[in-house]
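Here the chain labels run A, B, C and D in written order, and each chain numbers its own residues starting at 1.
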Amino acid sequence: MSVGLVIVSHSEKIAEGVVELAAQMAPDVVLAAAGGTGDGTGPARIGTSFDRVQAAIERADGGDGVVVLTDLGSAVMTAEMVLEFLDPGARERVRLAQAALVEGAVAAAVQAQGGSPLADVVRAAEGAVVSL
Amino acid sequence: MSVGLVIVSHSEKIAEGVVELAAQMAPDVVLAAAGGTGDGTGPARIGTSFDRVQAAIERADGGDGVVVLTDLGSAVMTAEMVLEFLDPGARERVRLAQAALVEGAVAAAVQAQGGSPLADVVRAAEGAVVSL
Amino acid sequence: MTQPLDARWAVLWIHEAARVVAENRARLIELDRAIGDADHGENMDRGFSAAVAKLDAGEAPGTPAAVLKQVAMTLMSTVGGAAGPLYGTAFLRAATFLGDAEEIDAAAAAGMIGAARDGIVARGKAESGDKTMVDAWTPATDAAATATQSGANASEVLAAAAAAARDGAVATEPLIARKGRASYLGERSAGHRDPGAESTALILQVAAETAGGRVA
Amino acid sequence: MTQPLDARWAVLWIHEAARVVAENRARLIELDRAIGDADHGENMDRGFSAAVAKLDAGEAPGTPAAVLKQVAMTLMSTVGGAAGPLYGTAFLRAATFLGDAEEIDAAAAAGMIGAARDGIVARGKAESGDKTMVDAWTPATDAAATATQSGANASEVLAAAAAAARDGAVATEPLIARKGRASYLGERSAGHRDPGAESTALILQVAAETAGGRVA
């Protein structure tokens, strides 16, 4: 197993795109997208969804920990709220990274692919340099 | 008019998602997506496309300048290559920002929406703080 | 004319909140268009409609806290913007504060508002003057505490809170935003009322009105 | 056995490059899977197939430079990965270096390789030892210069460059990547050959072979 990643974005497309991009270099890492709002039957609106974030964390949690990356501030608030509702056991395996979403996700995914522990994956996300 | 933005990503979904996200707060700014490779008839592969970046810069250039944001290193190389092929007149209105793609794009779009000049839009992109 | 602030009142409050939010949907959207992403009215309407639908569907929860907790969970799951975790946390903390009380007295009314405010601050880390809903909740909290100390009843406490929230919302207009999306605008955020402060004022106003109090 | 390095040779070189890249497509993909995103073989195959299709479709360009320039533009537009701007710049700079010469002599062969290398360095800002294609192009450039100085003919120059590129590619194996995607892996990138250095070795090898030179 390895650390899993959750990609929280206001946009469903961004979350799915980050997953496809990071998956290329980390085929064995579970990458769960939680983008947009999941309400109604129409296309996802722009926003964040407590339920999608919660479900994505469950999907990504294989026991070695989960790193959650977010885009804008309200995605962070949604993610923090979800974390408060996790069982204490699961809660201690989940970290919110303060990272650039796309760049941090790729770096974290590669780190997780290498089998690194949770703290190292968080560090990789937060230390990712932006392009150029 | 205002400064236009070009969103270059290896993923078509990321580029389109960033455009939809940034557009919410910047309805009057031209936001041009250049994501994925544009070859063939199938879905865009993961990668960057000289032709898509070139076309996006043309779309975004209304005369007040263009800020180009990129995800990974090879997107930067593609963008720099495109810049070298622009007419000198257009070239001097285009800037590559060293910014977190999603976070920088939203900040830059809001700045452009406010009518700020090119240098300020670049600064907004590069100064965008990552979430949390 | 005042009515006991029991579970039935809490349900009535949420119904009225949903109605007034729906009525002000376009206005809240316009406020958010100026300094945000033009969705606060939609977010709030969606959330409160869902909260009402949930309350109407099941057996009504037995205590005010149980009503507010259910509303919190529904808002969290349906709002989709910053207002979701913020109001979700606010209603949740209010519920926790109330515990299993059958009825809310003056002190509990003030305490519930303060708990909601504290939840919003914990969630969003905004300070007073950052041009957020905190700038409506904090004066509401202070006014409710003052009213309680001077012997007001519960409905008068809510009326004092609502009046202060309304003033607080208006007072966000000259401020420069330092939290939330509006902070991206920097100085351009001045001259516009904060949408979340406005929705706070609306919701506290119907709290007071449904309790039978008159908002000054 | 050597043939003049004219426009016909340049077309032949690109044809052979496309063939050898296609033949090694899976191997280049595997190299890139270990330390990248598993697409270098696909990227290169797509780019060189397109370059050949373009050459075959139109009237053959009249000078080696014109051939290489067309190849550069096609690679840039079709490769889709880092290799696109890198090889695109390399072929473009080589073409610029050659100017309107009808035929490439020993000095021009060495100069063209050096110009390609300089273009790659300008584009990607990698230094020697960063575990990139630069680690094949730089020894190739040096070997070509040395061969020219000791009186080798053009095909011998290309053969010397190809042999050095091959050694350079092998020598990337123990290195830790500091540029490109592989740099994300840090120390885990050691123990794998760089895919771009390998494709460089293949392309220079067929340059030498089509020129009639034997690669040591």
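In the analysis below, a contact is a pair of C-beta atoms (placed from the backbone, for glycine too) under 8 Å apart; a residue touches a chain by one contact, two chains touch by 3 or more.
No experiment lies behind these values; they were computed from the predicted model shown.
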item	value
Selected pair, greater C-beta contact count between B-C and A-C	A-C
Whole-Å gap between the CA centroids of chain A and chain C	30
Inter-chain centre distance, chain A versus chain D - centres from mean C-alpha coordinates, in Å	39
Inter-chain centre distance, chain C versus chain D - centres from mean C-alpha coordinates, in Å	65
Residue list for chain B, restricted to those that touch at least two other chains	24, 46, 72-73, 106
Contacts with 2+ other chains: residues of chain D	37, 39, 181
Chain pairs that touch, as defined at the top of this document	A-B, A-C, A-D, B-C, B-D
Chain A to chain D touching residues, read off their complex	24-25, 106-107, 110-111, 114
In the complex, chain D residues that touch chain A	36-39, 181, 184-185, 188
Residues on chain A engaged by chain C in the complex (per definition of touch)	37, 39, 45-51, 72-74, 77-78, 80-81
Complex contacts: residues of chain B adjacent to chain A	9-18, 20-21, 24, 35, 46, 70-73, 75-76, 96, 98-104, 106, 130-132
Residue numbers on chain D that touch chain B, as the complex places them	37, 39, 43, 46, 76-82, 84-86, 88-89, 123-124, 179-181
